[in-house]
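Take a look at the structures listed below.
What follows is chain A paired twice: with chain B in the first complex and chain C in the second.
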Partner chain A sequence: MSHWQTNFDRRRINGPEESFPPVYDEEEDQDVFEQQWKEGQPRLGRGPREIRPIYFRPGFISQANGSAYIETEKTKIACAVYGPRQSKSTTYNEKGKLNVEVKFTPFSCKRRRAPMRDAEDRPIATQIHQALLSSVRLELLPKSSIDIFVTIIENDGIEGCIAAGSIAASAALADAGIEMFGLVVSCSAAMVGKEIWLDPTEDEAKAATATFVCAGMPALGTITSLWQNGRLTPQESVQCLEACQERSTDIHLVVAHGLLESVDSSDG
Partner chain B sequence: MSFSTLLPGQPIPVSRGPAPQLGGGTYQRDGQIRASVVGIPQFQGSTLSITRIRPNPPAPNSVILGTVTRLSPLQANISITVVDGVPLPAGEEFSGVIRVQDVRATEKDKVKIADCFHGGDVVKGVVISLGDARSYYVTTARNDLGVIFATSEAGAAMQPVSWQEMRCPKTGKIEKRKCAKPEGM
Partner chain C sequence: MISISKSEKSYIQESLRSTLAFREDGRGLSDFRSVFLETGIAPLANGSARVNLGKAGQEGGGGTEAIAAVKLEVEDVQSGDGVDGGRVACNVSCSPAAYSHISSNALDNLQHDYTTLLHQVLSHPTLHPKNLGILPHKKAWLLSLDVTILSDAGNAFDVIFMAARAALWDTKVPRTRSIQYAGRKSVQTPEEAMDVDGNSAGPSNFNTRDLPTATDFELADTWDEGEPLEGRERWPVCITLNIDSPVHYLDATLLEEAATPLRLLLLFSFPSSSSSILQSMKLLGPGELKLSEVTGHITDGEKYARTLFNALESKLRDEDLRRNQKARTKFAGR
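The block that comes next holds the complex of A and B.
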C-alpha cells in the first residue's frame, strides 16, 4: 500500500509520502457480482443479449471541431476531434493521417491512476484507430492530420471502453463534418461459461473465458475491426459476431438520433 | 425535391434518370449514391452535393487569405488563416509559400520580393497546388490578388495607390507592394 519509493510529480502539489486510506464501515454493495454470481447461473440484472442503455450527445465541446459524449451506466467517455489540420510530419502524405490518443482520468478506475499516460492507453488507441480507419475518407485530405482525443471519465471494463470509445470517436468525426463512408458502431461481448453476454461490465469480463469486440458500419453492412481475447472456438467466434451485429442497428439508431437532433438544434 | 438531413453512409434518394454529377459530401459505391457527411443534399445546377459551412484545408484553386511570416529572396512564407471565405480555427493555420515566379504574371524574372511583400502584410492568393510536405504553393499573379492590408513604417494602415505602390496616410510616404485590385473598381 505505501511504497518506499515516492511517485513524486513535480507538476502537482503532492500529498504526504506515506499515507493510509481512511477506515470505512464495511460497504454493503462491494463486489456484488463476485458474491452473488456463481458459475452456471444466469446473468444478473439483464438478459444475456441485452446491452445497457446508451446516453449519447454530440457537439458538447465548443473548442473542438467535433465532439461526442457517450455514457452506458458505468462507462463514461468524452471524445474531441481536431482537424483536418496541417500534419506535423516532414514527409509528404497523399492521404490524411488519423491520430487517436486515449487518456484515462485519475478517478476513472477502481484504483487511482497516475495522471500520465501509460502502457494501458496504447492498445485501446490502436483498436479505436483500426475501427475508424476504413471509414474515414482520408484520400480527400492530403497533407492533413485528424487528431482524435478520447478521455475515459469512468471505466467499467476495457472492452466497454473500446466499444464506446469507437462509437464516440466516429460520431465526433461526423459532428466535425469530416467526410466518411459511414458511421462506425461497435459492440463488445464476453463468453461466460457457454453463454454469450453482450456489453459486459468489468466484473463480468473478468469472469469470462474470452472477450470479443467488433466494430462495423451498419449503413454499408461491413465490419471494420474484430478483436478477440481469450479462448474461443471458431463457431463461438461467429456466434459472438452475429450477436454483436444484431445489436449494432440499435446502437446506430441512438447515435443517428443524437446527431440529427444536434443538427436541427444548431440550424434553428 | 426537398431532402431530409442524412447521415454518413445513408443512401441519397435520387429520381430515376441520368446519374447526377457528384459534388462534395457524397460518394458512390456499388452503383448507390450515399452521403459522406451529416447534412441535406442539394442540387447546384446538375451537381449533387452536401455542403456544410466549416473550415476546410486549402485545395487547388481555393482563394486564401494569409499573413506574411517570412521573406527570402526566392519566396515569401505565409500563414494561411482563411480558406474560401471560412476562417480556420485559431492555432490551426496552414503554411503556404509564394515563390518569386508566382508573384505576378509579367516580368517574372525581375521580381524583387522586398518590393512586393513585407512581414505582417495580409495577402490574398489562390492555391496552385499542394506543394511539398511543409507548405502549399500560392500565387498572387492576378489583378485581384496580392497585398490587401499592410502597415507602414509609421504604424498606420496604408492605402493602395497603384498595383505596385501603397501610401501611408500619416506621413504620405509611398511604399512598394504588389497590391490587389480592390473589388468594384
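The block that comes next holds the complex of A and C.
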C-alpha cells in the first residue's frame, strides 16, 4: 500500500506495513448471509420493512456540549457536538458554520483501517452535513461554528452509518441545546429483487441492485437529504422514499423519547 | 461556489420566481445553453471526449468545459489489485485556473466530492461492462475514467456526466486472445534433449486457441482499436434541477447557482423509449422538500433527461459515423 507510507506517523505504534484479516472457519457468522441466502428468497431474520432495534442514549461524553450514542445491532456510533463557539476563520460569516467530521476507529471494519483520514470518511461526513444543514438555525449564530465529531465504532455498511450517524448527530445537537427546526432522522433502504428492504446490513446492501438513504424532519414532514445509487425505476425510487418516510416516524419516536428521558433524569 | 451580494441574489431570485420568468441570458427555465461535443480528442486514450456547455458560438470562448478520457490497464487478479471481471475507477480533477476564487484546500474538497459522486454512480455493479475481463481469475482490465474541468461557468455536474458518457461510449477495448504454453508430454531421452536444432523443427508449444487453463494473453492484431464497451447505452445522463421553491430551472450559470439554495441531481438512463431507469439521485444544499415535491421533480426530471439523453445519443452516433465510416471513405478517396 503506497499511500500508507505517505501518511506515516512516527508518534504512533505502527503495525506491519501490510496486514490481513484472520481467516475463519466457514461457520463463522460473517458468512452466514452468503451461505443461507439465495437470490429470490425472503429476507433472513426479519421482515422486509422491519428495521433493526435501536439503542439510543444522549449525553454520555461529559466534556462535550452535547453527545449521543446510537446502536443498531452491528452499527455503533458515538457523536459529540462542541459549540456554538467562535469560528476559527478570520473571515466574517453571517451564518454559523456546521462542521462534520467522521472517523472510523481502526477496528471498526473487517479489515483494519489505518488511523488516518481516508477516502471513505468525507463522503459520509458530507451526507450527514447535508441531512442536518437545513434543520439547524444557523442564521442565529453569526461568526460561530458548530463542530460535530462522529466516531464509527463498528461499521455494518455505509448506508447504515450515514443513517445512524445523522440521527446521532441531530440528537447530539438537541442535547447541546442548539436551536433547531426539528429533529432529523434518517432511514436507509435497499432494493433486493423486487422487494424493498429497510435498514439493510452490509451484506444485504451488497446483494441489492440499488441502495437508498433519505433524511428528514418527520415533525415538519420535510426531506433534507436524498441519496440513491443503483438501478431503480422512478416509481420504485418513490416507493423507497415513501417506505423510509413511514419508518422515520417510528425512529423519531425512539429518539425523542430518549432525549426526554435524559432531560427528566438530569432534572430529578 | 462564488459569493454574490444580497441585492444581486434577491434580483436573480425575484426574476426567476416572477410569473414571466426572466434569466440574465434570456433563456427559459428549462432551456439548456448550447452543447458542443467531440469524441476521440486524446489519441493516447482508449476513449475520450470534450464537452463544452455555453460557449458563445463555435469560435467563441467561455462556457463550462470538461475533458474526459478512458485508459485501460491490465491488472493481475491474484497478486495485484485486480478484480475478476475488471473494475471501473473514476476521478475528477478541477483545474485551478477555473477555480481561482477558492482556496487550494477547498478545491481539493470540491474535486473529492465530484470524484466520489462520479465513482459511486459509474462503478455501480448494475452498470458494469461485461467485456472487461481478460482471463478468468487471472487478468482483467482496470478502466480508469478521468474527467478534467477546464473552466466552470455553472452546471458542472451535468457536464461531467455528459463528458463521462461520451468518453465511455467512445471507448474501445482491445481484443485479446488467450495463450498457453504446453510442455512436451513425451519423456525426453538424453540424446533428444541434446538435439537443440531438432526441437525448433517440431510443432510450436504455444497454443493460441481459447483454453480454459490459459495462463496469459496476447493482443489480437486487428484493423480497428477493439470492440466498444458492452452496455454503453446504459451510462446515465445527469440533470440538475435547481430548486427555488416553487420554481425549478435547468442549467444554472455560476451566478444563478450562487443564488439558488437547493439542487436535486437526477441521473437517468433510457434502455428503450417506454422505460426509464433512475440510476442515482442526490440532494445538495441547504433547503428542504416535501414528499409530493420530490415525486413531481422526478417526473419533470425524467422528461428533461430524456430530451438530453436522446440528443446526446444522436450526437454520439453521429460522431461514431464521422470517426469510422466517413474517415475511411475520406482516406480511401485520397
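Just so we're on the same page, the second predicted complex is superposed on the first by the 244 of 268 C-alpha atoms of A that agree within 3 Å, B and C clash if a C-alpha of one lies under 4 Å from a C-alpha of the other, contacts with A are read in each partner's own complex, and residues count from 1 in each chain.
The working rule: a contact is a pair of C-beta atoms (placed from the backbone, for glycine too) under 8 Å apart; a residue touches a chain by one contact, two chains touch by 3 or more.
The structure displayed is predicted, hence computed values, not measured ones.
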item	value
Which of chain B and chain C A:M217 touches, first, second, both or neither	both
Chain B versus chain C as contact partner of A:T233, first or second or both or neither	second
Partner chain(s) touched by A:R46 [first = chain B, second = chain C, both, neither]	neither
Touching partner for A:M180 - first (chain B), second (chain C), both, neither	first
Touching partner for A:L141 - first (chain B), second (chain C), both, neither	first
Partner chain(s) touched by A:R112 [first = chain B, second = chain C, both, neither]	neither
Which superposed partner A:K74 touches (first chain B, second chain C, both, neither)	neither
Set of chain A residues, in rising order, touched by both chain B and chain C	217, 220
Chain A-touching residues of chain B, taken from the complex the two chains share	5, 7-10, 24-25, 27, 29, 34, 36-39, 52, 54-57, 89, 92-95, 130, 132-134, 136
Partner chain B, residues of chain A touching it in the complex	65, 82-87, 89-93, 137, 141-144, 174-183, 217-220, 256, 259-260, 263-264
In the complex, chain A residues that touch chain C	119, 122-123, 126, 130, 133-134, 209-210, 216-217, 220-234, 236-238, 241-242, 245
Chain C residues touching chain A - in the complex, by the definition given at the top	109, 112-113, 116, 120-121, 124-127, 264, 275-291, 294-295, 298-299, 302
